[in-house]
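Once you've had a glance at the structure underneath, I'll fire off some questions.
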Amino acid sequence: MKILPDTKSDFRNVTIYEGALIGENVKIGEGTIIYPDVEVQPDTHIGPYCILGEPTALYYKNPQKHNFKKTVIGKNSIIRSNTIIYEDVIIGNNFETGHRATIREGTKIGINCRIGTLCDLQGKLVIGNYVNLHSNVHIGQLSTIEDFVWIYPYVVLTNDPRPPMGKLKGVRVKKYAQIATHATILPGVEIGENALVGASTIVRENVRAERVVVGNPGKDICSVRDICDEVGNPVYPWKDYLKDYRGYPWQEK
Amino acid sequence: MKILPDTKSDFRNVTIYEGALIGENVKIGEGTIIYPDVEVQPDTHIGPYCILGEPTALYYKNPQKHNFKKTVIGKNSIIRSNTIIYEDVIIGNNFETGHRATIREGTKIGINCRIGTLCDLQGKLVIGNYVNLHSNVHIGQLSTIEDFVWIYPYVVLTNDPRPPMGKLKGVRVKKYAQIATHATILPGVEIGENALVGASTIVRENVRAERVVVGNPGKDICSVRDICDEVGNPVYPWKDYLKDYRGYPWQEK
Amino acid sequence: MKILPDTKSDFRNVTIYEGALIGENVKIGEGTIIYPDVEVQPDTHIGPYCILGEPTALYYKNPQKHNFKKTVIGKNSIIRSNTIIYEDVIIGNNFETGHRATIREGTKIGINCRIGTLCDLQGKLVIGNYVNLHSNVHIGQLSTIEDFVWIYPYVVLTNDPRPPMGKLKGVRVKKYAQIATHATILPGVEIGENALVGASTIVRENVRAERVVVGNPGKDICSVRDICDEVGNPVYPWKDYLKDYRGYPWQEK
């Protein structure tokens, strides 16, 4: 692999391998490494000490002969410092990461997603549009996260029903669902549309749409429509309640 | 912004922007980035690959016109490698971080505090003196942590009662309280002085001073004074029991 | 300390202090720092922005007079980017880390171990052979982990029975045991051979060999031999059930 000269970046010590495509008006922070076959689309800001196109384990057996797979970072994105995105990851426009996020190979991410600080996405994932992972969310391989989902810190989506066997079954989180901090979702479980999983809940069975599950073990305690604000209006489905402008496609600015 | 020449540091590839104030006898590790309007007070040791004065999200819209707010790191501090401290953070003397700590904007931290490896402080926080956060503590915005508090790994102080609404209510942790590993504190809760929250506890309601709360959901099970050592002496309040010298103001060396 | 010239590495901005021993066919990524008295054995691949031989806290009092202790990274290892390994750590051959792992001083690790992304090993540990820590495992000081153990994300092995007293009692995890995600093991507890600790379990008492413990608080619910696959064969002990080749010494390729 050949390293391109530093003149591709305003900053110092950036390493860009030949074959990488850097769009117009892309900024790249100090010390960032961009492997071959990475495409950074225009108007994207990459922070310092990021690694884009990080190779999979096979690379370490024979670095010179490694066949890199394509990685794309969409337009108008912000990749904060120390983020690592593997090869074979395709990400849509207006993407944003916190610091030190890790996104492994075989992952597709839609538009307008945010992956927070210290998130650890283990790869082979399908993530929809407008998905928001707060800090330090751990997503096991083979999970699917649909549009408009929010997941909070230290949530784990697991995938091995009988560890360490490795016969993996991913989790599916359906549209608009909310999974609160420290919840654990067991392998193969489906979280229904607009469902709400409470903090520190362990979810062993599918959660139906619009249900609230809390506890260890998790129990279905009510409908999300039973949760009201101070004046008695139901808060969920949150799509209908949300008043602040957040850039969702159903909102007018 | 103008980058100062490398001669301000003994190490290589340090980036210091014009306007930063670096005190006497400050050491700065390889690759560290210091933005304008950061003041590093004397005798402080900054490890490699740190970022001090990291700009808030507005910066990414218009980097050239960003108006950085002041950040201060107190005297005689140790900032370990890969720590990120945002702009608009004021930290007192004798501060210490582990590796990869993140401290976001709008945060005030008193003297003699320690923020461990992988801690994620979300900003808009008030942290007192002699506060000790072990590794990987997540503090949501608007929390207040008083003097002499200890918080252990994977504890989360949450702040959104009806996610993802964003009408935030911070947690308050009062003096000398101990919050054990994996505990979750729900929004707006107050943890009383000298209280003890057990491991993996989920705290939904205020905890009174000197009470012990454990379980999911958390239950008040006894007074901290009921916890005794091998010879029957009460261990808490720990301030009165602690024999080893730890540098607390009430201790004589 | 004297820094060796960059010609010891194919990559840029590597800092190797005089006294470090770099074996044949070792690769070292951009910006990695290797302190004195670190031995990297042959055929090992060190990713970018790693720190090997990181000094303990005493160093910060008097860097020039610090007496570094020996650290060894075994042959044929892969140390992924941003990993930090302290001084006084001895690691066997075929070692592998994920990204951003931290391994503190006074730790011995056997052969063929894997320490995942974001793991935080607090030091003074004894880790056997073929141990596999998934992402983001937190191991408190004085723990012992025997051969063939697997531990999953956000598990914490604690060590302080009466925080913040610091009279530490480590955890012992015996051969072949499995500890699922988000489990917390209290100080001084022993997890028996082939035992299985369920997700989000809090373990307050010793777990006998081949038992399954789940819940908060953890309860012994059955033998591991009661867990069967789709056709009624017992899955555990997993050593006897595992069919895929994983490189274990009892397997033939």
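Annotations for the structure displayed:
Should a chain be cited, it is by its letter among A, B and C, assigned in written order, with residues numbered from 1 in that chain.
Keep in mind that, in the parts below, contacts are C-beta pairs under 8 Å (C-beta built on N, C-alpha and C of every residue); 3 or more make two chains touch, one makes a residue touch a chain.
Predicted model only: the values in this text are computed from it and were never measured.
When the CA atoms of subunit A are superposed on subunit B, the rotation angle comes to 120 degrees, reported as a multiple of 5. Both subunit A and subunit C derive from one sequence, and where they touch, under half of the residue numbers involved are common to the two copies. A separation of 26 Å divides the Cα centre of subunit A from that of subunit C. Shared contact sites, meaning residues of subunit B that touch two or more other chains, fall at 13, 31, 49, 82, 100, 118, 136, 154, 182, 200, 216. The residues of subunit B lying in touch with subunit C in their complex are 11-13, 27, 29-31, 45, 48-49, 78, 81-82, 99-100, 117-118, 132, 135-136, 150, 152-154, 178, 180-182, 199-200, 215-216, 227, 229, 235-236, 238, 241-242, 244. If you check the complex, the residues on subunit C that touch subunit B are 13, 15, 31, 33, 49, 51, 54, 57, 60, 63, 82, 84, 100, 102, 118, 120, 122, 136, 138, 154, 156, 158, 162-166, 182, 184, 186, 200, 202, 216-217.
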